[in-house]
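Structures for review follow.
Presented sequentially are two complexes of chain A, the first with chain B as partner and the second with chain C.
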Partner chain A sequence: MASTLQTQDSPRPGGFPAIRYKRNIPKRGPSGLVILTGLTAISTLGFYWASQTIQELRELKRERIWSRIYLVPMLQAELDRDSYRRTRASLQREAEIMKDVPDWKVGESVYNTKRYVPPSVFVLPEK
Partner chain B sequence: MAATNQHPFLSNVPFKDETPLPEDIPRVDDVGTTSAPLKSAAFFIGAYCKDFNDDYMLCKNENNDPKHCLKEGRKVTRLRKLRENCDKEFEAHWQCLDKNNQEYYQCRPQEKTFNTCVFNALNLEKVIPGTPQGKPPIHLKESPIFKPS
Partner chain C sequence: MLFFLLESFIILLPLLGSIAFMTLAERKVMASMQRRVGPNVVGFYGTLQPFADGLKLLLKEAVIPSHANKVIFLVSPFITLSLALMGWAAIPFAKGTALADLSLGVLFLMAVSSLGVYGVLLAGWSANSKYAFLGSLRSSAQLVSYELPLAMVILIIVSITGSLSFLQIVEFQQGVWLIIPLLPLSLVWFIIILAETNRAPFDLPESESELVAGFMVEHSAFPFAFFFLGEYASILIMSVLTSIFFFGGYLIPFGISSSPFLQSFVLGLKSSLVFFFFIWVRATLPRVRFDQLMVLCWCSLLPLGFAFFVLIICTLVAFEATSY
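== the complex of A and B ==
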């Protein structure tokens, strides 16, 4: 029995083509570097504008505050005159009511201090 | 309100005390304006009455009693001079403030004419204390971000 000729498989002539194992997706869009720089640029501009706005708002606020500060003495003086007038009237009524009580000091402060304490009780006339 | 709901001694009727000031204290009329004219004139009041205002505030710092500073308080101010000299500009500016939520930045054009008028007539200038060095004060800024709408 003639032995069969054992042949080994060999590559086809010219060899096999390379195996495609890489993903074949086309490149799209700008590169990461471009995106990153663009983002930084936009953010910088935004922060600049924001800081400018904040600074201007601060100045507007300062203007507003000082306009009020300049008015305070006048408004306070007006209020002082009025509260003095009311307090005096209240004290007069108190004196009228308590005139029969001996040793009553009209408008005596209940606090043991020389500092001014705004009165918490006002005497109103009876209706 | 039903009689049963009435408080035994508290009253719902607002109490108005008409007792006048005693004779020995000179009578001073109230300024008698609303907030817009006051806000419009604030910086000129501050400049014109600086000494009196400082005097008054120092006095208040000394003693908070309303009685203590009546004398100083009487010198604190009027709007008469502004009305005499720059009535038209003043009117325009405070009307603008009144209509624009009392925001200064809404009324820069009117403010400009008003300021120049006051500067020419009374030699008073608007100064905002604490403005950063080397920058124009906000009311003179060339191109502000917050513009009159």
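== the complex of A and C ==
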């Protein structure tokens, strides 16, 4: 039987080249790692500045508190001087008002104790 | 009393004017992004268009559905607008220039903006219409959900600046604008403010072209105008909040000192840029689905907010930089 030369539908010698199935999208912009590093760097720098601000604010707060603490004796002395002056004025006023009432003791304590009670009411000048 | 009323009007009148011109700015900017002309007939280059629109809404008949609960139906737009305007009391426009410089101003503003949900709910319910009711359910679900990551971001800012007063938050940023340390968080914030104001791409409960208007579908004429004003007032307040929290409020960069007028101008400029961002996003991005909206909030933004909160608190404690 004479053999007939049949052509079979087979791959060509060496085979077909690989099919390019990968999506051909050009890479645009920086890579994810670069973006992440950049964000971290900017945030870190920002936090450094923010912490400096926070420390400055704390220092200002400390200064404010200590300035008040140092002012306390002066303010207390001012208060004492003022309350003494007002008490004297109040006694004078009382004496003037009650001068016609017999047996009236000017400046007698209204409290049932011998101890000193700081005045709780001040008469302020009328506007 | 009279002086207080005068002060309120000094803030409210220019505010309502700027809301009117915001609508015009939005239409003009979107038109040029879509290669159209935009409104250009009324007034010089269409500058009087918002007033023409307002006048039209004022003169139209307000249709009240016969089956609606009339009192709530008419009161709810008023609630929405007045709550949106109330937040402006605590905003500092320049150094020491606020209607009320509250030491807990941030809390006040968050409380007022949370109450804004009631306007939406009452409007949808009182109209006694299925569409309005469904719209209001979706809108309020969105608002309530996005309130959480919003509060988280604000909590982080408060923990860094150590104050709930707007003025002190702004003054803190003389050192550094908070957008620099909180750059990743600011992206989260920009997404949240879009969702919180029901803006594109998160405007699905009231998508203007397909669904008519969501919860305010039955409102027409002047009640509708109130909703419209309230919505834009909340957009404006979110823009101002963004510039206060991240862009140093009224401060001019590089520590340049200036007059109160210039400071408030700078605040307005920054807020306008943020509002431009709102329009830009609306002209660019397509709308998301409702499930995507919810998943984004509960599965991405909220965990991210918590993670940032823990990270930033730990950083501050570790470097002994807490401001209290």
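By our rule, the second predicted complex is superposed on the first by the 73 of 127 C-alpha atoms of A that agree within 3 Å, B and C clash if a C-alpha of one lies under 4 Å from a C-alpha of the other, contacts with A are read in each partner's own complex, and residues count from 1 in each chain.
We take it that a contact is a pair of C-beta atoms (placed from the backbone, for glycine too) under 8 Å apart; a residue touches a chain by one contact, two chains touch by 3 or more.
Note that the structure is a prediction, hence the values are computed from the model and not measured.
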item	value
Chain A as common anchor, with chain B and chain C clashing or fitting	fit
Touched partner set for A:56, first chain B, second chain C, both or neither	both
Partner chain in contact with A:39 - chain B first, chain C second, else both or neither	second
Chain A residues touched - chain C or chain B, whichever exceeds	B
Which superposed partner A:47 touches (first chain B, second chain C, both, neither)	second
Shortest span in Å between Cα atoms of chain B and of chain C, once chain A is used as the common reference	9
Residues of chain A contacting chain B in one complex and chain C in the other	52-53, 56-57
Complex contacts: residues of chain A adjacent to chain B	52-53, 56-57, 59-60, 62-64, 66-74, 76-81, 83-90, 92, 115-116, 124, 127
For the chain C and chain A complex, residues of the former touching the latter	160, 162, 172, 174-176, 178-184, 315-316, 319, 321-323
Contacting residues of chain A [partner chain C, same complex]	39, 42-43, 45-47, 49-58
For the chain B and chain A complex, residues of the former touching the latter	11, 13, 15, 17, 19-22, 28, 30-31, 38-39, 42-43, 45-46, 49, 52-53, 56-57, 60, 63-70, 72-74, 76-77, 103-105, 128-131, 137-139, 141, 144-146
